[in-house]
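Okay, so subunit A shows up in both of these, paired with subunit B first and subunit C after.
Let's look at the complex of A and B:
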């Protein structure tokens, strides 16, 4: 990190920052330790007993999806692109949650005892799709984890003067400990704490800020600075909005984080919809902080400092602490959620599928903890030398996530969609996206993401129409835990307890 | 970013919107699943109906 960026860092008491992180660590580990005794069955370990209520459900979905990108990314986009920049980030995370809310009842009805998204690809399509999907989703998740770890290190360094490597180790380390302790139960419980913290702090703090400034003044100030900031006629921002929306939709559709929550939550439709609306509210408020910075003529040397600097401007005594709390809670909730999503995939679709189909509960719990620790250490190693930038890394994976939008959508809704179409659609989509980015021009990253989704759609649709297959939906019911009996009704939980 | 004009951005943004329309088209034209004893209500709603029946 260059000296200029360090010099521009927000002046926060380093001891205060470490004490805050330390208190978080203690709180989350205590929650994990207390909840450990409630993890009795495999279903508890992997899906929190399929019994998560609305309040916990909304927060776990929202907290897992809110990252530093939601807050710092939106304010950075608004600083550069104005109103369309805010909309771009809102589209990156909002529609994906709303669509997953629409999918959720169908997923539950088709696979009432489902365990992972791997089950869907294995049972709905065939082995070649399953074997292609598993590495793709694990690579995507590890890439997402890398971007979160990288973001954590950079944010803590640039904003709070905590050295990059220490920031990465502490963030991943804290999450490893509490995820390993009570696994999915621990992740969901801590998500609630983290989600509430982020929601309350951002909503209350930004409401206070806007009450002081007046919303119309913000737009007037932005217009006076540059009329493009309040105009929709912004080509680069529209491209970014489209690509980020595809990236967001694809990454939610193909990520076990969200599928496992569909099975863990009792009423996922309303949960995902409310969480999506809440997520967009956070993004909107964070984005408006850029207009506040313009209105108050706050000096911004690095665009990712917009939100923390606005907090400092209006709340000089507690602003830095609020920014730290929000950032750290946002980072930790997502890191923990993805850590556990990958771990459960490795357990169910790796260990149980290929090594030992009937492990003891004790062995599975220990293995879950070991995989979480190994994965966390691997991620720290992968981001040690700061590969790429956070945004580039994320969007690059959008080529893969875009490819999986339609295999998931058509696979859930159309029985005619066939395995060869899904396989070739994904392969062609990734190949075209990679060619556009690597072969044509590195400047075409966003276009590559959109084209990946387009090619996937066209190929899968063509195979669906030309070679329709009458898939038997009942095949999807084969997915269940060993301690469950097949569901006889319309999808109620059937675990033997 | 590879796009300089509003028109280019509109085309790419519009293409993404068309893909969302395509997703909605698939969702709104589902193959029925209730013929195999499945339905598409929330699990909690199903559980509640079984409790009360």
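Let's look at the complex of A and C:
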């Protein structure tokens, strides 16, 4: 970390920061320990009993999707690109949630016993699609986890003077402990705490800040600094908005984090739509902090410090603490959600598929805890030396996520979708996207993501029109493997409103 | 350049939208906590 960044770090009482993190640790672990008794069947372990209410449902979706990027990234984008920067980030996360909300009832109806997104690729398409998809999604999730862990270490170091390695270890360590305890149940319950905290602090703090400044003053100050900040005539930012929307939609469609929540939540359409709208307001409010910084002439040496510095400017006694609470809750909720998403994929599509289709409940629970711990430790190891490859990995997977938008969409809604088309569509989309980015020019990242989605769509459409397949939707109803017998309580009808 | 009213509406969307979502989430949480339907096992 450069000296200039450290020098610009917000001076927060280190003891205060550690006490805050310690209290979080105790609270989340207690929640996990208390809810452990809830986990009786495999359905409880993997999907929290398939009967999560609206309150926990909205917050688990929203909290898992709110990362430091939502808060710091939006304010950074607004600092650079103004109003279009805010809209770009809103498009990156909002439409994906709304679309998942629209898809959710169909996913539940077609696959009432679904457990992981692997079930969809295995049953809707064929083995080659399944075996191509599994490593893609696991590597994407691990890359995402690495970026979150790296971000956690850097944010805690730059903003709160907590050394990088300590920040990474405590963040991943806290999540490992409570995920291992009650698995999906503790992830969902703690997401509620974390999501409510982020929402409450961002909404209340930004309402207070904007009441102090006045909205028209923010507009005038931005216009005086650079009229492009309050203009839509910003080609690069509009291109980024389009590409980020594709990236967001693709990464939600191919990630088990969201599919498992569709099966876990009682009324997923309502919860995903409300969570998506709520997520967009958090991004919007965080982005407006950049306009506040411009209006108050707050010195910003690093654009990712806009939001915490605005908090500190208006709330000198508690601003740094608010920023710490928001950041830490946002990071932990996403880390825990993805840890469990990968763990459940390894359990169902790895262990049960290839090793033992009918493990005892005790073995599956223990294995879930062990995989979570191993995965967490591996992620800490992977980001120990602050690898630059994480960024490259995420760029590459921006192209991959774009490629999976249409296999999922068409596979869910169009009976005739051809499995060879899906396979070759993904392959062609990734190849073309990678060629544009790596072969032509590294400046064409956004173009590569958009092109990847378009090529994927064209190839699947062409194959399906030439060789349509009459798929029997009933094939999706039984998600279990051939040798697998349902565990106690699994697959039984679930009370839904 | 966007007009002032647009920026005003945009900012209000964030404030009101965030406030409404927050209040709704608190309401639903209390309601479901009282009725015991926050998190039920399959039945």
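Note that in this section the second predicted complex is superposed on the first by the 471 of 497 C-alpha atoms of A that agree within 3 Å, B and C clash if a C-alpha of one lies under 4 Å from a C-alpha of the other, contacts with A are read in each partner's own complex, and residues count from 1 in each chain.
By definition in this document, a residue touches a chain if its C-beta (ideal position, glycine included) is under 8 Å from a C-beta of that chain, and two chains touch if they have at least 3 such contacts.
Computed from a prediction, not measured in an experiment: that's the story for all the values here.
Once chain A of one complex is fitted onto chain A of the other, the partner contacts of A:216 are limited to subunit C, with no touch recorded for subunit B. After overlaying the two complexes on the shared chain, residue contacts for A:160 are found with neither subunit B nor subunit C. In the superposed model, A:199 lies in contact with subunit C only, and not with subunit B.
When both complexes are overlaid on chain A, the residue A:189 reaches subunit C alone and has no touch with subunit B.
When the two complexes are overlaid on their common chain A, residue A:284 makes contact with subunit C while staying clear of subunit B. Using the contact criterion defined above for the overlaid structures, shared-chain residue A:44 touches subunit C, although it does not reach subunit B. When the two structures are aligned on the shared chain, A:83 is found in touch with subunit C, with no touch to subunit B. Contact with neither subunit B nor subunit C is seen for A:120 once the two complexes are overlaid on the shared chain.
Residue overlap on subunit A between its contacts with subunit B in one complex and with subunit C in the other: 50, 489, 492-493. Against subunit B, the residues of subunit A that register as touching in their complex are 50, 95, 99, 102-106, 108-110, 112, 233-243, 245-246, 249, 266-270, 405-406, 409-410, 413-416, 441, 443-447, 450, 453-454, 457, 472-474, 489-493. If you check the complex, the residues on subunit B that touch subunit A are 1-10, 12-17, 19-20, 22-23, 26-27, 29-31, 33, 36-47, 49-50.
Chain contact summary for the complex, subunit C toward subunit A: residues 1-2, 4, 7-8, 10-15, 17-19, 21-22, 24-26, 28-29, 31-33, 37-43.
Every residue of subunit A that touches subunit C in the complex is listed here, in rising order: 38, 40-41, 43-44, 48-56, 58-59, 83, 185, 188-189, 192, 195-196, 199-200, 202-203, 206-207, 210, 215-216, 218-219, 223, 227, 230-232, 274, 277-278, 280-282, 284-285, 288, 489, 492-495.
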